[in-house]
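Both of the next two complexes hold chain A, though its partner changes from chain B to chain C.
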Partner chain A sequence: MSMETATLKQEHRNGHHHVYVPEPELINDKPRFKTITDIISGVPEGKMPRLWWILFGISFALMAMYLAVITYLIWKGIGIWGNNTTVGWAWDITNFVWWVGIGHAGTLISAVLFLFRQKWRTSINRFSEAMTIFAVICAGMFPLIHMGRIWHAYWFLPLPNSMQMWVNFRSPLMWDVFAISTYLSVSIMFWYVGLIPDLATMRDRAKPGIRKTLLGLFSLGWRGGNRQWRHYERAYMILAGLSTPLVLSVHTIVSFDFATSVIPGWHTTIFPPYFVAGAIFSGFAMVMTLVIITYWMFPQIKQIINERHIDNMNKIIMVTGMMVGYAYGCEFFIAWYSGNPYEASIFIKRATGPYWWAYWSMITCNVIIPQIFWIKSMRTNLAVSFIVSIFVNIGMWFERFVITVTSLSQDYLPSSWKYFNPTIYDVACFVGSIGLFMTLFLLFLRYMPMVAMSEVKGVLPHANPHHPDHELNGHGNGHAHEQHRAEKVAELATKNGGR
Partner chain B sequence: MSENMNEIKSQSAEELKKKADATGAKALEILIEEEAEGVVAEFPNSGALLEAAEKIRNAGYKRFEVYSPFPIHGMDDAMGLKQSPLGFIVFAAGSIGCIGALLLQWWTSAVDYPVVYSGKPLFALPAFIPITFELTVILCGFTAVVGMFALNRMPRFYHPMFYSENFSKKAGDDGFFAAIFVWDEKFNVREVKQFFQNIGGKNIEIIHRPLEAELAQQN
Partner chain C sequence: MSAENFKLTGESKFGVIALGVGVAGVAASVAGLFIDHKTFYFAYLVAFMFWMAIALGGLFFTLIHHLVGAEWSIVIRRIPETLASAIPMMAILFIPIVLGMHDLYEWSHEEAVAHDELLKHKSAWLNPMWFTIRAYIYFGIWTFIAWTLYKASLDQDGGKDVTEKMRSVSAPSMIVFALSITAAAFDWLMSLDPHWFSTIFGVYFFAGSWWTTLACVVLLSMYLRGKSKLGEVMTIEHYHDLGKLMFGFTVFWTYIAFSQFMLIWYGNIPEETIWYKHRWEHGWQYVSMFLFIGHFVLPFLVLIFRASKRSFTVMKIVASWFLLMEFVDLYWLIMPTFTIVNPDAHHGLHFSWQHLTTFVGIGGLFLWFVWNRLTSASIVPVGDPRIEASIHLKNA
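Coming up: the complex of A and B.
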């Protein structure tokens, strides 16, 4: 940072807002506002590349299989899964926790990074919010079908009924119902509010027809007047402020499903923070996977999502990976330090017992492999990032499998110990849910603006009304501002005694 | 801003025709001035728009609006707008959500259907916190969104601004516009046009419904 910049920043902190403070570039090549509109709106307006159709074909086929398997499952009952009397929760709950966790990175990017004024988030937030919604939909499916009698799902709601019974509000499963449904609703609202200005932009570009009518309908007559922006920004801020504790609460409550029971390996106070860190870890990995897949399909977005974003995300993946690694270590320490023989035994069995392969896959994928990101050239390498993100996705699935299955399969009573073997239907449900997720995601790329255009424009340096270089807008010139700035710098220099 | 819209009575087709016949070639221009809903001007960038907003405000206009593809920092002050009241509305809704959730759980668990589960008391406050929190959040969230729509008068699919082709083309892309509307007390078409010219506005346009098309239909 030059001295001049430093002085200006100092001045800015002192409350003199009318000085332009340069910031590092977020976007390559200083694009004009129009370039942003053209790149982003251009994707849904244009034809989809061949790769999109290939991926969509595969995803759609998997989704179709998923629906068929679910239909069979509802017809036949959950006995078609490998769950048994000892391991009552298995892949279903593993998948549920895995998907909810993935969703959390989206909210982290859209809400938490917003509150921390991390401007780089604008390139990826729309994307990740969409991912959140689709992941939560996939997550919600598993508890629903795990119920077996899905037609009784509404019994989870506190509705007056002829049996004159009420739901048990003291049960963590009940908390889950409220947490997940609140999370889904707030995520959808946040996403939609963010979409309105961009839908209006696309409405104005569309040719008259069904597409324009629909865009017009969903953009609600948005005009971008400052009186509208004023309430809009406030609503956005409030939603971000609500989503931040919400995202922490959701995975905390998911961890309560385990932590409030008395099963060894589950009944620990470290679970909420440990689950939240793991959720962010796996979610960022999934955002990375999706960003790189999107690169392959639409190379033009490299101008908006660049190495800096990849680098930042990989740093977060590495940090949260180490948090998770710390939690694994801490669990072992407490198992020994507590002097509780059941707790100690379950942890020794996790690492050396019948599920050792799952445990060490988890450690390898989550703790060891992300360490490669200490090297900067690896953090910005797309191939490496993609491979690591896949490993993290796998590792985090194993983490939930280890927690759910190892603790249940060998509890207090050795006579009921049982090994869990998945059936073809377990696999089909899991793979099918990935099909559902990818289908929704590809449709999102096909029909929606995948980057928040108005937000990206808002953080460009020349969006600042005090920016000296307004040439980039494609109109007028900003020499007056340039001069103003030079004067200001000179003035400051004399004031500070030529420092 | 929009509540006075109904005051602008559009002239009937026959009246239009009469006037058009009476005034001859300049008919359209006169009609446009008579039927104006406002005047819009384009500015080159966010800085210029911010300065323009200050000047419009200082000139004493109240019913005006500035349009930009993204929110501009400092524009509320430049326009003399107060903070959005949305925060207070949401706080009220959140309080209702919080109290409502506690009442719901207390009444169902401790009064109407008192069953002891896992040795917890009937009114088990710690166990009620998660749902109280979630219901507070969801009520706040809904109110923030619905409240924002209400304050912004959304959805509203028709607005005079959309009559301007230049505005519709650029407003969501890279255009910066300011408009003064006919429902401002000080509004006078020619004065406003001149005013925009003086403060550096480009592409100055009178906003009006498509009178050309209407006239063509008559003739």
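Coming up: the complex of A and C.
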């Protein structure tokens, strides 16, 4: 046994690993802990920039229009949409699936990437968790308003005593209710648990007044003690474990809405993982869009969400885009291979029939355009990232439109084939929901710490107990050599003039 | 850290035994071929797919490791790399399948195709010539990727800086890998029942393959710990991480299997449900239930605990169990189609001694090849610049 390995073995047995392996910096300019607090807490503490007000004005106006359109829709009935007897599901479910899909990035980043020890996620997780919640809210609106009689919404719930009957448990639409409400509640819980230490930081910085009282209330008496952190980290780990299957289950069940039927183009076994990949794809694209919009408003954030994060997100966009492309390919191949004439006909019609423009928009936006990210300089270019993310958002909307409308408009019975034309109310509901989403998001930026400060601090190089600068931050946690520590203390004492 | 420290010197015994067992197995298999060639080819396909799954899983392990820039798995990397490097030998071992096509695949029967509209439609894809060419295209692709990465990895041992190269090879390779493993699963397994189809089938085979490779890596590394200094760098922390992946992919396999089953059951279209019907009659229902329990329930219940993933004994047992279950899975995929080409045969389970001989034959040769490779180089990629971080892995 060589000396080297002998030492390693010895060290391992003792459970001490005083090896510090530097990693590429996640945060620019090596900020100290305080810089991070200042940047992030500074946003809600300060005045909003002009651009924020402009965007908020537009979003709020769209949201107001949305409410007006919904009011009219409920007054008049869903006949004001373009849905017809053949295409009974159109923009409503397209929007619903699009929004639920977008709502997947948050949990993926906070749970799955956490379990995979991806430290870079800390800069964007708060952000995308918030986005998730708002996207799920937007998604939930569409099944509700599609009912027409929204006052019967509670019929969704299994209330046997008051209803004198059960809901249809065999319907995937019913499972959607359970899956999405679970997802929403767990996402809110995850988001809130993560917020607690940061709310406490903001509380400590706030001047006495109503803001401090509210922050104090919601930070649940957080003091940042050792025991609190231990409980917090355990809770975070458990929530991450619980959320991971949820990331898969929600969009799996959304895919069941289609795939359990026997409609050509809907009934195919790859739908569950294909929908999950698509959801992550669109979710990351939306995170990208929002990050870049946030850059315009708060350029100081670039220190915390930097090129490396943009690069990584673009890689995930590219990979998930290709997974979606793989599913398109499999479906097409099996449509031919199966020898099922209905299946083959629907796929040929998708590409060459009346909706060819939607199909090729989908292929272009989802499969072709993200290929630009093979080039590293493109992955870190903000303008390119922004444009591609918008294309992906559009492409994923078209994907759901293609799936829903092409299969319905031309099914088994040619005499009932019909083309779907959206009305102004379809467009207004969709655009209005974006207004609702952006309003909520901008309010989040206005009032909440947009980045998880405590987590970002945790991945800074000098938070690593083996980093030479570690003790200088006053956060030595006893892992370091006592002797080394004593030296540092002496050094600091000299620096401070012997005090 | 030097490569010499991690060489398996004078450890040829395992290889010799493997070769001996393999040759004996092959000899017995050849005898089987003459005694009952119908059973032989099916047994051979099951055994071939089992070892092929491990080699392909090794290739995936290597690719994903480079792609995501993983640190924790560096000390383990040489094992999956070596497993993948055995693919060209599997290409040779594929020859009997080409020769026995007629005994395996209904679509290779001209008279069957002539009387069957669906088979006629599919014959553009499913015909003996194109099937063989495709298979060797897959082998060519996999060999190229596996050997490029294996060679680069050895260069790294010698001090060459190839980290970026390995990553840039892995990115396009992953795409080609995904497409080729899907096509191979469609060709070799799905087309056994040529009327049946499922878009998720490629993912299903992949899920089982990667799952089995994780188990194989656990077992091989445990054996190597006793023979070399691997134990000094590969600690329980690495097994803990492997255990997490084994747990995660137990769930993933189940998710994929469930997606396929659930959608076909719910849609209830006869041309799709027939595949499950064949696996729910004549005793096959017990294999189906056993597959669910053994491939999901038991591993799930055991691996969910942190303590199991951090116990050498438990990990060893679970990993061996995984290998058994992958065999059961392939047996369950392949054997019910025996009566498609042999309509007069009985419909129940066909467990013949030939399963044992072919399994041992292919497995012996596979392990002999792998062992030869393992003994010819360092078993740890000592030249990797981030190896220190991997050695000092610690689970929170």
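As a working rule, the second predicted complex is superposed on the first by the 446 of 499 C-alpha atoms of A that agree within 3 Å, B and C clash if a C-alpha of one lies under 4 Å from a C-alpha of the other, contacts with A are read in each partner's own complex, and residues count from 1 in each chain.
Note that in this section a residue touches a chain if its C-beta (ideal position, glycine included) is under 8 Å from a C-beta of that chain, and two chains touch if they have at least 3 such contacts.
The shown structure was predicted, so the numbers you read here are calculated from the model rather than taken from an experiment.
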item: Chain touching more of chain A, residue-wise (chain B, chain C); value: B
item: Contacts of A:230 with chain B and chain C, given as first, second, both or neither; value: first
item: Partner chain(s) touched by A:245 [first = chain B, second = chain C, both, neither]; value: both
item: Which superposed partner A:342 touches (first chain B, second chain C, both, neither); value: neither
item: Which of chain B and chain C A:175 touches, first, second, both or neither; value: first
item: Chain C-contacting residues of chain A that also contact chain B; value: 17, 245, 256
item: Chain B - residues contacting chain A, complex; value: 1, 44-50, 53, 65-76, 79, 81, 83-84, 86-87, 90, 104-105, 108-109, 112-113, 115, 117-118, 120, 124, 127-128, 130-131, 133-135, 137-138, 140-142, 144-145, 147-149, 151-152, 154-159, 161-162, 168-169, 171-174, 176, 202
item: Chain A residues within the chain B interface of the complex; value: 17, 32-34, 37, 158, 164-172, 174-175, 178-179, 181-182, 185-186, 189-190, 192-193, 197-198, 200-205, 216-217, 220-235, 238-239, 242, 245-246, 249, 253, 256, 453-455, 457-458, 462-467, 470, 473-476, 478, 481
item: Chain A residues within the chain C interface of the complex; value: 1-2, 4-5, 8-9, 12, 17, 19, 21, 115, 245, 248, 252, 256, 259-262, 267-273, 322, 326-327, 329-331, 334, 337-340, 374
item: Chain C - residues contacting chain A, complex; value: 1-2, 5, 117-118, 121-122, 125, 171, 175, 178-179, 182, 186, 197-203, 229, 232-233, 235, 244, 251, 255-256, 259-260, 262-264, 266-269, 271, 386, 388-389, 391-392, 394
